[in-house]
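Every chain is named by a letter (A, B and C) in the order it is written, and numbering of its residues begins at 1.
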Amino acid sequence: MRAKALPYLLVLPATLFLLVFFVYPALQIGVLAVSGPEGLTLRHLQTMAGHWKFGPALRWTLLLAAVVVPVQLALALGMASIVDRLKAGRDTVLYVFAIPLGLSDLAAGIIWLAIFEQSGFLNSVLLHLGVIERPVLFLGYQNVWVIFLAVVLAEVWRATAIVMVILVSGMGLIPKEYDEAGQVFGASAWQRFTRITLPLLRPSLQSALILRTLNAFEVFAVVIALGGTTLPVLMGETYQWQFMLRDRNVAAAYALVILGISVASTLFYLRALRVPRGATL
Amino acid sequence: MAEIVIKGVAKSFGAFQALHSIDLAVADREFMVLLGPSGCGKTTLLRIVAGLETPSAGEVWIGGRRVDRLPPRERGIAMVFQNYAVFPHLTVFENIAFGLRMQRLPRETIRERVRRTAALMHIEQLLDRYSGQLSGGQRQRVAVARALAMEPDVILMDEPLSNLDALLRLEMRAELKGVLEASETTTVYVTHDQVEAMSLADRIAVMNEGRIVQVSTPVDIYRNPAARFVGSFIGNPPMNFITASRAGPGEWDVAGLRLTGPEAGERLEFAVRPEDLEVGPGGFQAAVRVVEPLGPHTLVTAEVGGRLFRAVLDSDLAVGPGDELSLLPKADRVRWFDAETGEAV
Amino acid sequence: MRRSGARRAAGARNDAPRAVVGSGPAGRFLFGASVVLLCVWVLVPIYLLLVNALSSPQEVTGFPKRFVPSFDFGSIRFFASFAGVAQALWNSIAVAALTMVMSLGLGAPAGYALSRFEFPGKEWFRMIVVMTRAFPLPLLALPLAIFFIRTGLDDTALGLAVVHTVLAIPFATLITFSLFSGVPLELEEAAWTLGCTRWQAFHKVVLPLVLPGIAASAVFAFIVSWNEVFAAAVLTVQNRTLPAFLVQSLNVSPLHLKFAGGAALVVPALVFIFAVRRYLFAMWGIASR
């Protein structure tokens, strides 16, 4: 009967598209990373691991994620709680908080470049305050930690919005009665937050953390905008090998590393924040 | 002429058998109510007639035409849904006109028919409103008007009153009955509310666990339940049951009382409705537990032979918890059921 | 969205003062101050970028900076007339528009199927969609670059749009799934009993009800593509999109070009986010399942 075939007809185009342009190339990355003209080889992985920038790139990427994600989570929880309590002007505040959601990491990088560059606004403020007499070169190669800080600020500034939106919609799913029950049984505001809201928010926290950690591993344009190649990251190196050095096998090896840490962190979050069966809202 | 004939219709969802080989004939212009507890398959059966569900086996005939493989639009039916399904993006006028526009009727005919059915349902003043601006009762009226405007051979109704509050339900019930009688269509109406079923139906089909247990007029179903289930499901408070053991040929021992009954088997179930009991000598020895004065009469819950027994008694009767009563069943109202199969004997 | 609206209405009816941080005036001040501070934190950096974009090239490189724009359009004029910028802008729009059409064209039918049918294999499809969310998608550009060279799609708007569509399809599918699920099946069934075919019922009843949401998810797909940098930089050489163009020329271009380019990236995104703000929660609420 036609009705039986209809759902398949509807899903078919998207499925085919994803098979051809997602599943197949995803497998292809692994193939690229380990194959050469002589067949199966570890040469590309060795080239990658042996390159002097690989270690720093891996370290900086992991460090960035380790700093950015917790800060974002804390800030987003604060913003979401505020939005959840607002009565007047809720929509406006929400829109303002959500603005960075629509911006690319490149745009965020350029925005923070306007602040940190030598003739930028930070130097201007410091000069007006009399802290400095001459503009400081914040983003020079000798100040890699300042670049790191600028990248952290830009990333926190840009991508906290998405975490906040996920958390706000998660909080919207929690009936007010639970919080009121907490009040009746004598829990303070802080106790209600940590013992009622946070546990019930676990599914939202999980998806927000997975999404954000993966994005943190993909950090690319913001680093280039603020530090050029002074602060090496995995995605930047992938781009260098693919585009500048024209060695797509080593680029694929880098991609494999990013893929590896992404899968590992996803599995970690799925385990660490799993919700027991039947304990869902 | 639009009689509905259902022959051996069965439906399973995966391993779950929702309907077991249903046979039912609804006469032309008859008001048939499908009554049963939730999950008994009554809505599934209605949806099969509508064409919203495909039967796993069996045939459906409407007006002499086999329709079970036809899409809903080719069956000559109209339906009123439980949540009314009034299209939120269209005005009341456009809602009522929707089916007529699909039939490509002339503009004048459409306008005339919408006005007429709207007047019939007393919603002429709402024609420019949207669904969001209507109350539940008004939406209900729009849904009925939309079905009537189609001038269908058959109207199908899926618990149309269940979302209204009690008072409105009473009002709509009477109005529906009048309107549908006047429209001369065949109606199949699904409900789990026995009072609604009794008050509306020409005949009721009582369903349980995917089977039709009894099809008959409301009074007959009430007086002569074909099965223990029907007796317990219909009537409020429900029928009283006591297990009877054989005491001799046609003689039965019922909680210490020797009664004359049918000559069948070893064990039967004695049944009597609470309103068919009266206080008098030689009846069941009943220990009163709860007394609920309801105004016109008093509901007494008592213990008879270790089982709870309800009696609807005169409200002048002075009785309290702990009292002993002798409850006498009216002989012509006593019913007997097979203790194994639950069928009437 | 609807849920939070209902909640607000309930809050308005309940006039009892709700505990906000501490309920005293000090607590209320702290609460108000943090709202203002967070708004400032979000808005000021954007403002500063716009100050730069609306100043002359000399002012941009000058020091110290003024904190109000001079509304000199020198930087913008320079950016607009810079070689390749107009082409990059056009490419960005073309790729984003293609992404929008493809992701909805493929994702919306799937979303409808997910919301209306139970069918064997449904879970498999869901799995693939969820998998795309646990995968660094821009990396797909690497193997696809080879594939595109073979098929002649390299350095074309269509080729890049394909990668961006992979990025946008999960969103399109899940958002349309939630949109369609918001239309009761009963409405469609009512249309069938009133004489509609499946297609007519969809066209006359479902579509009008979901159209605003569909438009919002189209805009969202547009933003996804508009903002994507890595795949764009890998897959295009001559036909660069604006982000790819900017990232390529970052270390060689003067400051005022960067800032004007940044503003060109930011302003449309701001407008778009404003346009779909009502749907952000529906999208991310459901997209986070």
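The rule is simple: a residue touches a chain if its C-beta (ideal position, glycine included) is under 8 Å from a C-beta of that chain, and two chains touch if they have at least 3 such contacts.
Model, not experiment: these values are computed from the prediction.
Q: Could you work out how many touching-chain steps separate chain A from chain C at minimum?
A: Counted as steps through touching chains, the separation is 1.
Q: Need the central chain here, defined by C-alpha centroid distance to the all-chain C-alpha centroid.
A: Of all chains shown, the one whose C-alpha centre lies nearest the global C-alpha mean is C.
Q: Which one of the chains is farthest from chain A, going by Cα centres?
A: The most distant chain relative to chain A turns out to be B.
Q: State, to the nearest whole Å, the distance from the C-alpha centre of chain A to the C-alpha centre of chain C.
A: Result: the chain centres lie 16 Å from each other.
Q: Between chain B and chain C, tell me the centre distance in angstrom, where each centre is the average of that chain's C-alpha atoms.
A: 53
Q: In angstrom, rounded to a whole number, how far apart do the mean CA points of chain A and chain B lie?
A: 59
Q: Touching at least two other chains at once: which residues of chain B meet that condition?
A: Answer for chain B, listing residues that touch two or more other chains: there are none.
Q: Could you list, by residue number, the parts of chain C that touch chain B in their complex?
A: Touching chain B: residues 184, 186-187, 189-197, 200, 204-205, 208-209 of chain C.
Q: So in the complex, the part of chain A that touches chain C is made up of which residues?
A: Chain A reaches chain C through residues 4, 6-8, 10-11, 13-15, 17-19, 21-23, 25-26, 28-29, 31-32, 78-79, 82, 85-87, 90-91, 93-107, 110-115, 117-121, 123-124, 127-128, 135, 157, 161-162, 165-166, 168-170, 172-173, 176, 183, 189, 203-204, 207-208, 210-211, 214, 217-218, 220-221, 224-225, 228, 235, 238-239, 242-243, 248, 251-252, 255, 258-259, 262-263, 266.
Q: State the interface residues of chain C toward chain A in the complex, per the touch definition above.
A: 3-4, 7-8, 10-12, 18-21, 31, 34-35, 38-39, 41-43, 45-46, 48-49, 51-52, 60-65, 67, 102, 105-107, 109-110, 112-114, 116-117, 119, 121-122, 125, 128-129, 131-140, 142-147, 162-163, 165-166, 169, 173, 198, 223, 226-230, 233-234, 243, 246-247, 250-251, 255, 258-259, 261-262, 265-266, 269-270, 272-274, 277, 280-281, 284-285, 288-289
Q: For the complex, give me every residue of chain B touching chain C.
A: 50-52, 71-73, 77-79, 81-83, 85, 87-89, 98-99, 102-103, 146, 150, 156
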